[in-house]
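You will see subunit A twice below: alongside subunit B first, and alongside subunit C after that.
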Partner chain A sequence: MMMRENVLLNMRAAYARLWVRIKGGNREPQWLIAETIIPIITLSAYIFLYKMVKAPPEYSGFVIIGGTMMAFWSNVLWNMSAQFYWEKEVGNLEVYLVAPISRMAILLGMALGGFVNTTLRAVAVFIAGMYIFQVPFAIYEPLTALLIFFLTIGALYALGMMFASLFMLYGREAWHTANLLQEPIQFLSGTYYPTTSQVVPFMVQLLSSLIPLTFGLDGIRKVAILGLGISDVWPNIVALAVFTLVLLPLARQALRFMENLGKKEGRLTLRWQ
Partner chain B sequence: MRIFKGHDKPVKALDNVSIYIDEGEIFGLLGPNGAGKTTLIKILTTLLLPTSGEAYVGGFDVARESHKVRRIISLVSGGETPGYGILSASENLWFFSQLYGLSSSAAKAEIKRLMADLEFDDYAETRMSRLSTGYKQRLNLARGLLSKPEILFLDEPTLGLDVLTSKKLRSYIVDWAKKERKGTVLLTTHYMAEADEMCDRVAIIDRGKILACDSPLKLKEKLEKNVIMKAEVSSVQADFGFLDKMKGVVGYSQTRSIQTNTTSLKVMVREERIFSDIVSKLEEQNQKILSVNRAEPTLEDVYISLVGRGFEEENVS
Partner chain C sequence: MAVGTILRTVKQAMWLGWKVETNWADPLVFAIYYLIRPVAGLLIVGFIFLIGSVVSGTVDSGLFTYLFIGNSFFIYVVQVMMTMTMLIHEDRAHYEVLKHIYLAPGSLSWYIVGRALNGVMNASVSLLLSLGLGVAIFQYGLGINIPINWLGIDWGILGLGLLFGIICFMGMGFILCGITIMTSKVQFTLPEYVSGILYLFGGVVFLPEILPSWGQHISNALPVTYFLNIVRFSFLHQANLDVQMNLLLLIVTVIATVLIGLAVFKVAMFRARRNGLIDKKEEY
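Moving on, here comes the complex of A and B:
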């Protein structure tokens, strides 16, 4: 098959998987209500706490941005990586593996579909947070903010693709890994507080620097709340670009390795592990 | 050969299997549960690697050229309903068509045709989660045929379906392979009638080994020197253990019916007179024999002659 045909085939597959996600999301709009209200309750608790201790008003903005971005990380973990486990249980994974498409195309479709759905939720959290808590935003360089946002999304979904390879091979064991990645990442990336603060221990800061979300949150906060520009956040941009460039090929390799291992061990289509 | 790790010791799922399937042939793999049928189909559809040996599909090595194999095959597994419950039947089919690069218009036309052919076009807009088992399986088969594969793998395609739906699907597959697509079909089944009705050739597989391979007719012809008798005994507790040691008995199978409190015994013997000895033994056990008749050989009898027992006993043990 010609390279062009191959690219077209994979683009069709990615689009179709994206379409399934959006169509499915639209058919059950109830998820939007729950997924918007729950994060607002969580971030309200942090905002009240910061207000009680008379922290600067920017801290409320930090929390809202953290809550907004957390929606994307949850989507990556549960609706993309862990999704492979569900696909395996219902027999879809077998169909994907027998089809002449790249596994990355399916994951890309899931990622894009998830991104569209989650953006709705994230925007709802963002707007609600702004109105309820009257958070002052100071965005002077919206393009820089958008660049950091999209680079963060790229790095997060690349990381998600890597985790998906675990779910392709393992079953419930990988579920525990996903659980383990939810709260610690939320803590280490500084979802509800800035990790650059001096009160945060050095080891935590070091660990947090290994997570793309940390650089994304820090960069967006600087541009959207503190009113800084590209000259101040270029290290964040470079770090996020490096994360994406390293994680994407790594994810491809991990998928290939795990698929091959699964074929050897006979665990690729094994259910109820 | 394919060996799995297993809980206590390695399990040899396939043992020196060697088969060749001609282009345009409907080839059946017949064997009880756990015989190795699905393992073989998984190797041929690139989902599993053989522990040793080689396998080629359409001339391509399944291990080294899996991407080429995937372009010409399709797999339909019975009892499975891949797809998304929240989407309608036609939406699911459109989704799967995109995994094979069909243009949207071509896919929609093909979906319409397949749904009409498989008689579930009335359910095109019904969500998959609301379809009955039979219609889900029609949807599954339509999915497998959408990409117009050269080689179609069917793993127990009528598993759990009612007689009428099974019959419809079987005749559709035969028409597809022989008239419409002229494609090759590899079918696994543990239903004797299915293999007999559909297949040009059948391989009988048991415990990972191919025991015989030929056309159903030729396989049955080989039994002509034996006599097959059927007896119905009015008890589900009849003990046929004596048949294991009896000279001249090739093999036997039994089907117990709790509802009618009867056991149907099918026994293959070298000479008709041996059956008289069997009847005498049963009478000694005070078993009431309701009927006795001679039966024409079936593929089950071929299996019995090779293994010495029927599928049912294998399933029970």
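Moving on, here comes the complex of A and C:
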């Protein structure tokens, strides 16, 4: 197949998967409502906790930004990484595998569709959080904030693509692993507090630096709440770009390896594991 | 139904629940799994508290202990809600066995109680591990004084609080079971809604006095508030807490919750049978 045709075919596959994701993600209004309200409930508890200890109001802003970004992490985890597990359970995975397209095209479609859906929810969480808790924002460089945001999303989805290879093979382990990557990642990445605080032990800070979300959250908070600029957050920008550039090729390799392993062990179409 | 049949149903359901929950991993991986999530949850609120306190200039160990006990024991709410909601979905749509359980001589309600008790058992394991690790990390690692006399726990009060609390959470779980059997695709969000609201208004990690007045009224109507007050009293013996009144309020709210739970479940099962929902297929 000519390279141009190949690219077009994969783009069409990505678009098809994107369409299904957007349509499927928004056809249940109760999901849309739940995915907006549930994070606000949790965020409210953490904001009240900060209020109880009389922390400055910008800490409430940290919580709201963390909760907003957590929507994207949940999307990466459940609607991208774990998606191959669901597809296997419903019998779609073999259809993807026999189609003359790259697995990365399928994942790209999922990522873009998931990004659109999650952005709708994240914006709602952000606005509601801002309105309810009157958090002071100080954005002097919106383009820098957007740059960090998109770099964070790129790195997270690249990480999600890499995890997807694992979920292709496993059964209930995949479900439990996705569960396991929620609170521990929230803790390590400092979703609701700055990991640079003196209270956070060095080992935790070291571990947190292995997660792209940590750099994204830190950068966005600095620009959106503390009013800093690109000269203060350039290390975050470099780190996020490096994460994306390293994780994407790794994801491609991992998918190929796991697919071959799955074929050898006959686990790609195994249900009810 | 004969007591023997009920006990056998509950025992078999617990055993089944244990197998479903654990046989995907070897015991060590399973233990780590059951440890990591609650401990990470505790670390999140612990660090929010610490970082906020250090910034504001005072670390109140009494408030930390309040949070530590509340967050640790809240695992029962999360686990029972999640177990009771997911089991209807899994047994009906995923494994397609709900119709067989419904047809068996044992009652479906007692089967659900057995599965919920397995959730309680798992929650107890998580609780013990997270209490131990929490003390190790916060008291010995980060130097926060947790003023609990571990040899002076009032086991009688703690046992009563746990007993009524667990019955209450099962009552709530029956409401969720009823809703799940009548609907589809809400099994993931429903327990999160309920446990999220209880977490926010139940005085779990912050004092309900911080809430606006309408929020305090909600807090006063929730059994989880009294459950956690009683549990905290059994550890801390606060002189300013009327434990008898809290116990009485817990019992009253438990009775109301259980009656509502059983009524909702009964109506839901009646309608589910009439509308052919007991073996409803979903995405699997």
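Assume the second predicted complex is superposed on the first by the 273 of 273 C-alpha atoms of A that agree within 3 Å, B and C clash if a C-alpha of one lies under 4 Å from a C-alpha of the other, contacts with A are read in each partner's own complex, and residues count from 1 in each chain.
Here is the rule we go by: a contact is a pair of C-beta atoms (placed from the backbone, for glycine too) under 8 Å apart; a residue touches a chain by one contact, two chains touch by 3 or more.
Small disclaimer: the values here were computed from a predicted structure and weren't measured.
Bringing the complexes onto one copy of subunit A puts subunit B beside subunit C with no clash. Within the superposed three-chain model, A:90 lies in touch with subunit B and with subunit C [touch as defined at top]. Ranked by how many residues of subunit A each touches, subunit B and subunit C are led by C.
In the superposed model, A:123 lies in contact with neither subunit B nor subunit C. In the superposed model, A:180 lies in contact with subunit C only, and not with subunit B. By the touch criterion defined above, A:28 lies against subunit B and subunit C together after alignment on the C-alpha atoms of chain A. After overlaying the two complexes on the shared chain, residue contacts for A:206 are found with neither subunit B nor subunit C. In the superposition on chain A, contact is made by A:194 with subunit C only, not with subunit B. Of all C-alpha pairs linking subunit B and subunit C after the chain A fit, the shortest spans 7 Å.
Contacts of subunit A with subunit B, set against its contacts with subunit C after fitting on chain A, overlap at residues 28, 90. Subunit B makes touch with subunit A in their complex at residues 2, 4-5, 42, 45-49, 67, 70-71, 73-75, 77, 80-84, 86-87, 91, 94-96, 98-101, 143. On subunit A, the positions that touch subunit B within their shared complex are 1, 5, 8-9, 12-13, 15-17, 19-20, 23-24, 27-28, 90-92, 94-101, 260, 263-266, 268-269.
The touching residues of subunit A, counted against subunit C in their complex, run 28, 30-31, 34-35, 37-38, 41-42, 44-46, 48-56, 59, 63, 86, 89-90, 171-173, 176, 179-180, 182-184, 186-187, 191-194, 197-201, 272-273. Against subunit A, the residues of subunit C that register as touching in their complex are 24-25, 33, 36-37, 40-41, 43-45, 47-56, 58, 60, 63, 67, 94-95, 141-142, 185-186, 189, 192-193, 196-197, 199-200, 204-207, 210-211, 283-284.
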